[in-house]
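Below, chain A partners chain B and then partners chain C, in two separate complexes.
And now, the complex of A and B:
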């Protein structure tokens, strides 16, 4: 392999790919990334930990002699970041990899590229299409509600439901649940994937970093049989195995009827909740919410820490409702929303789930805290 | 013709023997108890081949006349009981009148006995239940019983016996239990012709403990005593640095009888909660004196189990007594002595003898390590005042027992009030006390809170701090964990426990017994914020979890608690369960070993140290600090 690489193009790809590479692995070769140099501007940099993999296009490669080379992630990353050159020359024979700049030259050990596992490419002809901006929003608003610890359910990821018209993502940790839907299309009449594909958090974070709101639509193909999902963005293909296990029947979580609906605005609400949560701690974390005509009162009280009383005018005339929340659960969700967004709280009583809804098809369910009063 | 017939007496005895006489050790127990019931002050035990070939127990008790001799070996013949009501006020060790008959049925037994006032003794030999005629013989006052060839007529039974050394071990265990229960009686024990133990009568339990368990353990014993109405509890518990992996070193004596009691064993474990590492069992030697009608010993033929009329009260008395002692004591772990075993240079002068006994007890808490402080090893037999009056009938056991704490004539009553400041001050005026004067033994713990500690961190895990009389090595994780635990606990005591409800109730499969107990205790758990309900079968639904533990999976939480509930025989208290939860929280939140601390952080940590009730151990029972006394450092460097 012999090629002249544009440093900037390579660094962009490298930044994205090296995030996947495991720091420690029983298969040491996985601690590297693989560069496939092709003459036709389709050079690819790939990395994988066998759970999640990414193939990222490398721009600005002038390939003299196509081939494949294994790059040690940490060392090569440092070379790229410290290099002042516009371009770097890469040359690999069986034993060595030479990296040359104008004033710098490195010799790195060469490794057998055929030992590096192939990261699957996006091969599907029928797939779902979602706008990049929507997908980013979906990920940001659901990913925080996941629970990486649990083993009972597949909660270490976000459930993705694809239909011909829409995509829905659901994240939950058993105490709160975030669900959001957005429009979607199908290409070549892609069937709705069966089962309940749950994409791990790590893959979603990688995907989110890979997306810009202005990007062209994203292609998603779920391989039910292989228990994997492939996502094609403008610059990369991301492969991820699905989280094994069952996702709880989240539809049962939404109350079938609600007693009161209270319109709220995200910005002021978030501020009020953040203020009230100042005087909570890990052992006493409840903030009491008292919804009454015209006012929402938030109160918290913690031994040794203090107490707080915050009032927020609200546009509500109806029966008063008292409920206690873990404020962090609310803040998590409110942080992902614009301050101007209006949000509706749907409540029953202090024991039942509270539901928050926005106009853009986002639903957030929180179970209240109870206290022996 | 009927098929039911009455069994001949010999068969009845053999059946009884199956219950009472299981192995040589059971014979030794029965014979020793008979000897004690006969008021013996000296008892010699000898066994051959672990007791399989010969068990010989000789006492100097009141003996039996030739007329009594055959009766003694008849079933249900006894001198210790006259009518049914007597069963409820049993003051003797035996009373069933079964043992001798049963033993004689399965062995070759010879009994020689002479009352002190008789001119000559009488001898009775019984071979497998068949008595030979009584003949006169010469013997000292008292009774000698020889049991040869145990189980020779029940070969199956014989094959079930273990090796000689194993059986000898069991016999020795039995012997030790009896000897510990009766320190005022002179015991000897020979096995295979060798003198194994010669235990002159002593005034305290401690010397006996030293013989059986070593001086180090004996020196670490803490005196506990309490009297609630008619129930008198006294004895020793070991410093938490001494522990065992089994409960075998826990001795509970009820009216001089070794018993096992699950509930009291549990009380003891509760008292040590947080002081011992998980899986370690405390060491204790406790006597319980209570009116005979408060306890029913007629539960099991071998009488190792008893029933208390009010076991709950005894449970709480034991728990609070031991707890109280710990709270008043310095429980820092000491560096294990290097050559502490070296005998004391000079025997303590007679004048300070009694003082050193009393200070020995204080040392147990204060500084048993101090190398040159001499624990009085070479005790002479020391007759207690209450013991002077002739042969000691077991009925007056409580008397000598009560006389124990005050037996050193000079020591005031509260010298045993562990480490009350008073006992320290009584020690100070001693002019000619051996090397480090007792004042130096003032427990550092009492002084620690008002000492500004300066500490350095080593290996990012330990803090070394100077104290007034030495230095202290502190485990930063253990200390922080303990501090957090105490703080959490206080906070939780004052506030409410919050409960986070789950969106989807989580089913947890438990074992049948766990599921049953969890559901039984659902109300207690609900007050902790853990709501559960049955889901049919052994599955339990978790509806909500304590908010402070949201990081923990409900399943694990419930399993841990179910395990906790299942292994504790008594009603779980909310406190015990909360403690369990807080342990989990504190451990997660505490700074870890290997974490570098800034000097400010170290200072803050040490400052908070004084605010905590029990700074000696982390909630799991590991010590938080090791003490190196100045004198020990000097000794190590050869300066003294």
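And now, the complex of A and C:
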């Protein structure tokens, strides 16, 4: 392998791929990334921890002699980041990898590229198509509600439901649940994937970082048997094993009827909740919400910390509702929405789930806190 | 008596003989002014060789002999040693094998915690006659804040004398007492004339006393920190006082400010009558080192059952579980996890402990001890409860 690499192009790919590389692994080869240098502008950098893998295009490679090299992630990353060169020459024989700039030269040990596991490519011809901007939004608005600590592994990922018309993502930790839908299309009549594919958080974070709102649509293919998912973006293919375990029947959490619907605006609501949460702590988290005609009053009180009373004018005339929330649960969701967004709170009483809805098909369900007095 | 009067009494107590140079006196009067704003009177009472003394009291044959309370088996540890045994270098927390090597005639006695608890209740009642502000540190040790509760007695020193005399007549055991104006100094003072002694550190003598103290005797400075301080040339309280706050924070992080204050004899921690337990734990040393995951998993269940029994009794729930393992070479590691919600069942604790345990295996050296503890008190049960979604 012999090539001249554009530093910026390689660094971009490296930044994405190195995020997948495990810091420690029983298979030390995985602590490297693999560069496949092709002459036709289709060079690819790949990395995997066997759960999640990524193949990322490398721009600006002038390949004299195609080939495959294994790059030690940490050291090679440092070389790239500290390099002052526009271009670096890479040359590998069986034993060594030479990296040359104008005034710098590195020799690294060569690794046997055949030991590096295959990172699956996007092979499907039938798949679902979703806009990049929508997919970003879906991920950002659901991923925070997951729970990586629980032994219910399915809650450590986001459920993805694909049909011929729509994509729906759902994340929950058992106390709150975030669901969002967006339009989708199919290519070559891709069937709806069976089962309930749950994509791990790590893969979704990687995918989100890979997307720009202006990118062309993204292709999604769930492997038959629902063991893995492949996603093709403008510049990368991301592979992820699906999370094992059954995702809860989330449809059950939406109340069948609600008594009270209160229109709110995200920005002022978020600010009020953040203010009220200033005087909470881990032992006393609750903020009391009193919805009444014209006003939302927020109150919190914590021993040795203090108390707060916040008032927010609201456009509501109706029966009063009192409910207590862990403010972090509300802030988590409100942070993912634009301040100007209208959001409707649907409430029953202090014991039942509260539902927040936006006009763009986002639904967030939060269970309240109760206090025994 | 008013606090003002009590202060005068404390000030008039005899001072230990200490050489003082002029600059020290200047620094000292400065900090004395700071403390004077809210002068407290704290007594630290510490029973002498407590478990061993109770055993010698209850069994005349043991009197005057070197005894150790604790397990004599290979993996046993000395919980307490009589003064006769201490002469041979036997100390608490020493492996029993080591203790026997140092003192071949050492008599091992099985601990009787019920007897110790009974004495502990007795001395607590004695304290309660003088002040409600009692902070027990263990069965045999407590801080008393007597600032507001001097009654008809002239000074805190006088209270300490009376308490020692009452303990001796009612329990037949001796206690040492330290009297000072904060907890840190009171504790050091009780050590100063041990056993069966009384020592007073006044606001005037406190700073110079601290300056002459080796850092190893500071409460809260263990062998590791001490070694680190010695490498930095800090051997005494005076050396510590010579350091700037930023220097101490740079080298000791958050503890820097604590050391900075202690070096000046300043310790504003209150005596907490209802000290909230910060953690609850159980551990077991095994007769033979554990090598397999199965063996270790088996050892977990009774430990979890023990800590859970405490949760039930005390009506408390906790959010953090910590697994401790001590290897055959005495290297000790801890692994913990904190959940959003407190553990509601022993099974929930077990699941996390198993996960933490699994990560330790395979081991390349045997495990001699395993411990499980809970911390991050999540409030008494039922105070605030996050409802869950119905699935």
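As a convention for this text, the second predicted complex is superposed on the first by the 370 of 373 C-alpha atoms of A that agree within 3 Å, B and C clash if a C-alpha of one lies under 4 Å from a C-alpha of the other, contacts with A are read in each partner's own complex, and residues count from 1 in each chain.
Basically, a residue touches a chain if its C-beta (ideal position, glycine included) is under 8 Å from a C-beta of that chain, and two chains touch if they have at least 3 such contacts.
Just so it is clear, the structure is predicted and the values come from calculations on it, not from any experiment.
Participant: Overlaying the two complexes on chain A, which is it for chain B and chain C: clash or fit?
Facilitator: clash
Participant: Let me test your reading of the model: by the given contact rule, A:319 touches which partner, first (chain B), second (chain C), both or neither?
Facilitator: neither
Participant: Identify the partner contact of A:209: answer first if only chain B is touched, second if only chain C is, both if each is, neither if none is.
Facilitator: Once the two structures are laid over each other on A, A:209 reaches no partner at all.
Participant: Thinking of the overlay built on chain A, is A:304 touched by chain B (first), by chain C (second), by both, or by neither?
Facilitator: first
Participant: Kindly classify A:27 by the partners it touches after superposition: chain B alone (first), chain C alone (second), both, or neither?
Facilitator: Neither partner.
Participant: Looking at A:284 after the superposition, I want to know if it touches chain B, chain C, both of them or none. Which is it: first, second, both, neither?
Facilitator: both
Participant: Would you sort A:174 into first (chain B), second (chain C), both or neither based on which partner it touches?
Facilitator: Both chain B and chain C are touched by A:174.
Participant: In the superposed arrangement, does A:371 touch chain B (first), chain C (second), both or neither?
Facilitator: both
Participant: May I ask you to decide whether A:246 touches chain B, chain C, both, or neither, giving the answer as first, second, both or neither?
Facilitator: Once the two structures are laid over each other on A, A:246 reaches no partner at all.
Participant: After the overlay on chain A, which stretch of chain C ends up in the same space as chain B: 148-156, 202-210, 292-300 or 346-354?
Facilitator: So the stretch of chain C colliding with chain B after superposition is 346-354.
Participant: Show me the chain A residues, by the header's touch rule, that chain B contacts in one structure and chain C contacts in the other.
Facilitator: 149, 151, 172, 174-177, 248-250, 252-253, 282-286, 326, 351, 353, 365, 367-372
Participant: Quick check on the complex: what are the chain A residues that touch chain B?
Facilitator: Contact set of chain A toward chain B: 149-152, 172, 174-177, 248-250, 252-253, 282-286, 302-304, 324, 326, 351, 353, 365, 367-373.
Participant: Of all residues in chain B, which touch chain A in the complex?
Facilitator: The contact residues of chain B facing chain A are 488, 491-492, 494-504, 506, 527, 529, 544, 547-548, 550-551, 553-555, 585, 589.
Participant: Considering the complex alone, what residue numbers of chain C touch chain A?
Facilitator: Interface residues on chain C, with respect to chain A: 319, 337, 339-340, 351, 355, 376-379, 382-391.
Participant: What part of chain A is in contact with chain C in the complex they form?
Facilitator: 147, 149, 151, 172-177, 248-250, 252-253, 282-286, 326, 351, 353, 365, 367-372
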